[in-house]
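In the part that follows, the structures are each spelled out as structure tokens.
Shared between the two complexes below is subunit A, which pairs with subunit B and subunit C, respectively.
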Partner chain A sequence: MTLSIEIDGMQAEVEPGTTVLEAVRSLGGYVPTLCFDERQEAFGACRVCMVGIEGARRPVAACTTACRDGMRIDTRDATARRIAAATVELVLSELPQPPPEHTELAAVARALDVDGGELRWPGEQHERAHDERHPYLALQHELCISCGRCVRACDEVQGAFALTATGRGLATNVTAGLDAGFRESTCVSCGACADTCPTDAITEISLLALTESESHAL
Partner chain B sequence: MRFDHNVTTTCGYCGVGCRLEAHAADGRVVSIGPALDGPANHGHTCLKGRFAHQFSRKRDRLRTPLIRDDDGSLRAASWEEAIALIVSELSRIRDADGPDAIAGLASSRATNEDCYVMQRLMRAAIGTHNIDNCSRVCHSPTSWALRQSLGLSGATGNFDDIEAADAAIIIGANPTEGHPVVGARIKQAALNGLQLVTIDPRRIELADYGVVHLSPPAGTNAAVMLGLAHVVLRDGLVDRDFVERRTEGWAELEDLLADYSPADVRRITGVATADLERAAHIYAEAPKASIFWGLGVTEHRYGSEVVRLICNLALMCGKLGRPGSALLPLRGQNNVQGSSDMGALPDTFTGYQSVSDDDVARRFEAAWGVSMKREGGLKIPEMFDAAIAGELKAMYIFGEDVAQTDPNTTHVIAALKSLEFLVCQDIFENETTQYADVVLPASSFLEKGGTFTNAERRIQLVEAAIDPPGEARTDFDILTTISSALGHDMGFVTPADVMDEVAELTPDWAGVSHERIGRGGLQWPVAADGTDSPILYEEHFELPGGRARLAALPYKPPGNEASTEFPMILVTGRRLEHYNAGTMTRRTANLDLAPSDWLEIHPEDADRLWIEEGELVSVRSASGRIELEARVTERIEPGHVFTAFHFPEIRTNLLVGSSADVNTSCPEYKVVAVDVRPVTEESSLTPAIASAP
Partner chain C sequence: MSRNLVELIRRHHEQGASTALEVLKDALEQHGEITDDDRRRAAEQSGLPEAAVYGVSTFYDDLLAPRGRRHVRVCTGTACFAATGDVHIQALSDGLGCKLGERSDDGELSLAETVCLGFCHSSPAIRDGDTIDAGPGVVGRALAGTTRAAAEPVPQSVFEQPLLLAPAHDWTALRRAVSTSDPQTLLEQIKAAAVRGRGGAGFPAGAKWEHARNAEGERKFIVANGDEGDPGSYIDKILMEEHPALLLEGMALAAYAVGADHGFVLTRSEYPRSKPELELAATTARAAGILGRTVFGSDFSFDVTILEGAGSYVVGEETALLACIQGLRGTVSARPPFPAQRGLHGMPTVVNNVETLCNIPVVARIGSAAYGELSPGSPTSGTKLVCFNERFRRPGIYEVRFGTTMRQLCIQLAGGLVDGHEIKALQIGGPLGGLLPGWKLDTPFDFEALAAEGCALGHGSIVAFDETTDMRALARHLLHFGATESCGKCFPCRIGLRRAHEMFSADSPVDRGKLEALLETLELGSLCAHGGAMPAPIRSLLAHFPKELGLQ
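Then we have the complex of A and B:
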């Protein structure tokens, strides 16, 4: 038995268990996401994939909401877009510099029209702190937005359990082996963390120079 | 944009067959990531596939042909000069001593198209069946045994069986290091409830995530497999219906199993009765269960027989031909499946079609316009013997460093030295090129197009991310050019043309074409209409009568056993960071992560032999002696030591003798009797007190 749903006025049939995000994407639609990676269990933490549901009191996170029969989904719901944009704006306000152009965060900011321009909520920002002790992997702590994708990639995709979030509030940051660095941790250098990172907080050392030239070209 | 060229290709490290997105800038690969839709890797890859690509532009890459000068050194030469020399020498030797005085080796790292062209070069341009590939020294026992027991030389299912299975046995493999992406998938499955049984003289990482770990001494796998089958029979867990309808040979097997009670198995292997029984029940009682194995099963004197015993267990329990119930050999190199599929073997053309089958041979003769013998050629070890005997005069070795990776290194070097003419086609100078008369600069997987076939029988596209460096050429280009220069024009313009010929001449590949392979790959057999086969043997086995053959094969002791002079057993294998001879990974920052090999030794043995952590030790066998650092670990069983073979400066394979699998000549790399002792620079002349009680 399939479920009949409607997305932005388009009818669709989906299997039970399909999430709203999966349904939207399968129809080629767009919902911005930050903490979502299809290789991991949906986490529902970032509140960027908000969509409107007819009859619901407030927008819901598309990644963790299962489709129901007869559900009518509005990806352009004004409240949902406002929440998502404000969330991303807050995230950006903590970074000392804009995220590199090619990153997912930059793309989401562009899609929500909160890239560049004045920030409404200036405040404390992360301090620059780099760790390049590993031959391939670089940590750029100031770009970390604590989405947890790297930690989940390490746990759920590789199973190395090398990464953890440490600290609280603005100081929350991802560390390898409780800050001993990748090499001294249980890291197996698979790079799944760099692959999933939406901001380049974890990236490949060999790409740092190329990314810099990309920023200069802007 | 950070990148100026992006391709989706297939990884050239290991048989998992990860699909990769490779990104290049200014003619260099700068980053590689996993393809999200990769059927084997599901958007993941390991540190080899992702990071170990800098070797492709390393300064010491071969960039021009080299010719051995009269003074014994290699000098740069033009392609014209090198090819002219190859043609004149091979023609001279063929005329003087006949085509069988020449032999070729294809490479399990090369593409299907390269391997096909190489075997056609040897068979049609030279006129000999003396062609083999390095799967001889790794999974040839698997190939042979699967054909004997079930019919086809390949995994019966695919890696999705990992998640579909309720239970799995891993024997003689260390997936989290040797096949990291499959290792990660198995580990996740185990964390999500897959009941895992591990069998190995090393306590592999996955044993920590399993239910039972059995640690039989190296060389006694057969006893364990027979013991598991005994328990399945004794406790009424045989799938009688499956055995009756789909197999033959049950009565003989049933008789034999009487001799392998848990008590018998414990006498041979030391494996505790309760553990053996538990393992048998986990496998047999699970609704869906699969078996994985690696070279820890095959590289033994009776490795091929153990693979048949593995087939027995699956057949007895009816665990074949459906999702989650599969036999999944973890193939070593990226194209070890394909190099054999392509007929780079002395006794078979493509798709394991026998060279002795007259109908088959006529088909190939008609296609190639030549006539061929109906007797097969020499296997790799026989080639070396023939070279030393003076019967084999020339070899053409493509993408293989036999002087580092083959067993009994001293013998191999003597063979290479006895040749009148040796051509090496490779990407770096290596131990083998030291004996070459001509060295041809070839291309890595990042620099050419074609296909690889992974451990799931999945044929996947390889696409060039960058050009070969300097004057280096693609292997397809080199081999077809040399064939034409020898008077046999193959008529191929691109590797896709090669695949079309393979499809024409190979029933199991009838529907394969580059276009059809697309992003998802095709798992052979592929029917003419393009339908592929993710699962084999759903209805019948590919043997006369459609029945699988059970094999009543008893346990026999290994070819090598511990003795007074050599009291320890050396087992060799892979490390996560490196790949095979290390030619590629040692030229990347993976070397920084793992700068050398080391010897793993159990604390009890270390204590007894006065060996300290980090100390240099000598390892001596009947064939040779090496020195390396010791690391003390409880992960290895007492009485055993373990090391890898990635470093030419350590040269582990000097220790391996000539004992080999009885059916396939695969060397017994996994059981080498050795003497281990500390290397002291000077005598201390100070008495010491032993710490062992």
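Then we have the complex of A and C:
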């Protein structure tokens, strides 16, 4: 039996177990995300995929909310958009430099009209720290927003378990193995982490060189 | 929580292996710091990949501070703040010549922050090795090297026959249940008694049990949440240390009702006595045939494992608690799935607070009807333990009725404040609860009545701030705690609590509009109650003491 739902006024039928995010995207709708990657289990960390649900007291995260029969979803709910935009603004405030234009983070900030130049809550930023010991993979810790996508790619997609979240609170970050670089870990150089990273915190070296030459040209 | 990691650990767990966290804690006890060799050993023994072990070793407070031969921990909890305005911290650090989180070059001495030691009745508190000293002169004694164990409070009950705090424990309820009652009847009794969770959220225990009972799983588990992290609270501490058999009986009854065969208690490392007391009680019960393969000679089998945390407030959240028990980073997971569906080792798990579980034998003994009448006039059944901080004339733990006014509790029971001080505000139920101003003491102590005032019953701690309290400093104190303890998983909490702390730490006025927008982002955006409810006391300060906050 399928569930009848409504998304921004449009009727849809979905299978039980479908998340709100999957339903919206299957209809071609837009909900911004940062920690979501369709190849991985939903994580619920970034809180940017907030949507309004009729009758709910507060917006919900679309990625971890299952559709219910009769559910009416509003992807343009003003409160949900306000919370998502404020969260992206907080994310930009922890980076010492704006994310490269081609990244998912930059695209989400543009979609939510978040201007990185005028932050309401400036404060402590991540310290610059680069790990370029691996021939193909580079890690720029200051661009890490702790979305967990690289860790999950390594765990769920590749099964190499080479990456981990580190620290806690604002200092949460990511590293390989015992923090001695990718080469000293169980990394198999598959590049799944760089592929999923929404900020270029992890990049394939060739790509990093390319973007650096781009920024020098600017 | 990664399903793959959980699967890797489960196989080792079934063979009785230590968790990565246990191996790391042992290493720290043995040589004062954690080396990569320790991490490799932890990985090998626990089944966790090396990277994941590294992640664990950078998460918990206890694992982060290097230890000298003498390791001193200063309590930075809210009761200690109420007592000293935090001057004890600087005085100790200056006097010892050692900064917080550091170890002297010769390896002799180290000093770390800890929240909270549960001696809120005689703040400030300092832990010197495993000796916890507290009260007037404690800093001087720590500097002179003459710390001594502080006295524990003697709990009192307003009931002629104390319920939770009954002096003798006889296991009658469990014996009767396994020999004359069936699991479904016990479950129905707990549902009829309407036992609400005592850990903070107030969720009906019976409903949680029913979900777990109906869930599919080759095994089921009972978890007692003894991670009483609320600064200002020492209720579960007393239950675990003075009434451990009552807790074990409550767990066994829960297991009987839902079909579980094993239980776990997670105690706090800030309470060094809890784990040994519970282990002693479990050993005694095993020897008497009460725990083990044939509970009271029946075909019901139940045993327990006692584990100790390593310093993290958010581990009190149920999904983070389960992660910690499995030796993982204590971060929160999105629900669903709820633990009752997929919890410890992927199996249906009931997670109940220690005090909640201690209520179960009481219900089973006196019946749901009598239990429902213990707090006449209140919509909540049963009794509640409350505890008061050092600012009161008669601080300590009391068993009280729900619905009693805050005035009766604070003035009649606890005697008002010392030295003629006045109650400026109360924080009830921990850091995620709002502040009740001193002019609202007629508010009843109950879930709904306190919620109407922007407060929470929470776990039942009552911390008074007197008229000398600097409310901006209080906001800064609370937000320091919030930012430091954020598990770092969801973005609003991870960044937002730090930003809120920074706003109150700067010398400049706080922009009210920006603050309120930030609080809303935390409240509506956060994944769990830590980020979601840390704004509550700040909202109270904005509502009742705006002029003292330095706003613009």
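Remarks
Here is the rule we use: the second predicted complex is superposed on the first by the 210 of 218 C-alpha atoms of A that agree within 3 Å, B and C clash if a C-alpha of one lies under 4 Å from a C-alpha of the other, contacts with A are read in each partner's own complex, and residues count from 1 in each chain.
We take it that a residue touches a chain if its C-beta (ideal position, glycine included) is under 8 Å from a C-beta of that chain, and two chains touch if they have at least 3 such contacts.
Keep in mind it's a predicted model, so treat the numbers as computed, not measured.
For the composite obtained by superposing both complexes on subunit A, the positions of subunit B and subunit C are free of clash and fit together. Within the superposed three-chain model, A:V188 lies in touch with subunit B and out of touch with subunit C [touch as defined at top]. Shared-chain residue A:R39: touches subunit B; no touch with subunit C.
Contacts of A:Y136 after superposition: subunit B is touched, whereas subunit C is not reached. When subunit A is checked against subunit B and against subunit C, the one touching more of its residues turns out to be C.
Of the two partner chains, subunit C is the only one touched by A:T79; subunit B is not. Within the superposed three-chain model, A:H102 lies in touch with subunit B and out of touch with subunit C [touch as defined at top].
Applying the stated contact rule after C-alpha superposition, one finds that A:G177 touches subunit C and leaves subunit B untouched.
When the two structures are aligned on the shared chain, A:R168 is found in touch with subunit C, with no touch to subunit B. In the superposition on chain A, contact of A:C197 is made with neither subunit B nor subunit C. Look at A:E156: by the touch rule set out above, it reaches both subunit B and subunit C. In this overlay, which is a superposition and not a single complex, subunit B and subunit C have their closest Cα atoms 6 Å apart.
Residues 156, 159 of subunit A touch subunit B in one complex and subunit C in the other. Those residues of subunit B that touch subunit A in the complex are listed here as 1-2, 25, 30-31, 33-34, 36, 42-47, 50-51, 176, 180, 184, 187-188, 191, 576-577, 589-590, 592-593. Listed in rising order, the residues of subunit A touching subunit C in the complex are 34, 41-48, 50, 58-59, 61, 64, 66, 79, 82-84, 86-87, 90-91, 93-94, 120-121, 123-124, 145-146, 148, 152, 155-156, 159, 161-172, 175-180, 185-186.
On the subunit A side of its complex with subunit B, the touching residues are 38-39, 102, 135-136, 156-159, 183, 188-192, 195, 204, 206-207, 210-211, 213-214. Of all residues in subunit C, only 2-5, 36, 39-40, 49-52, 54-55, 58-59, 312, 329, 331, 333-336, 483-492, 494-499, 502-503, 514, 517-518, 520-521, 524-527 touch subunit A in the complex they form.
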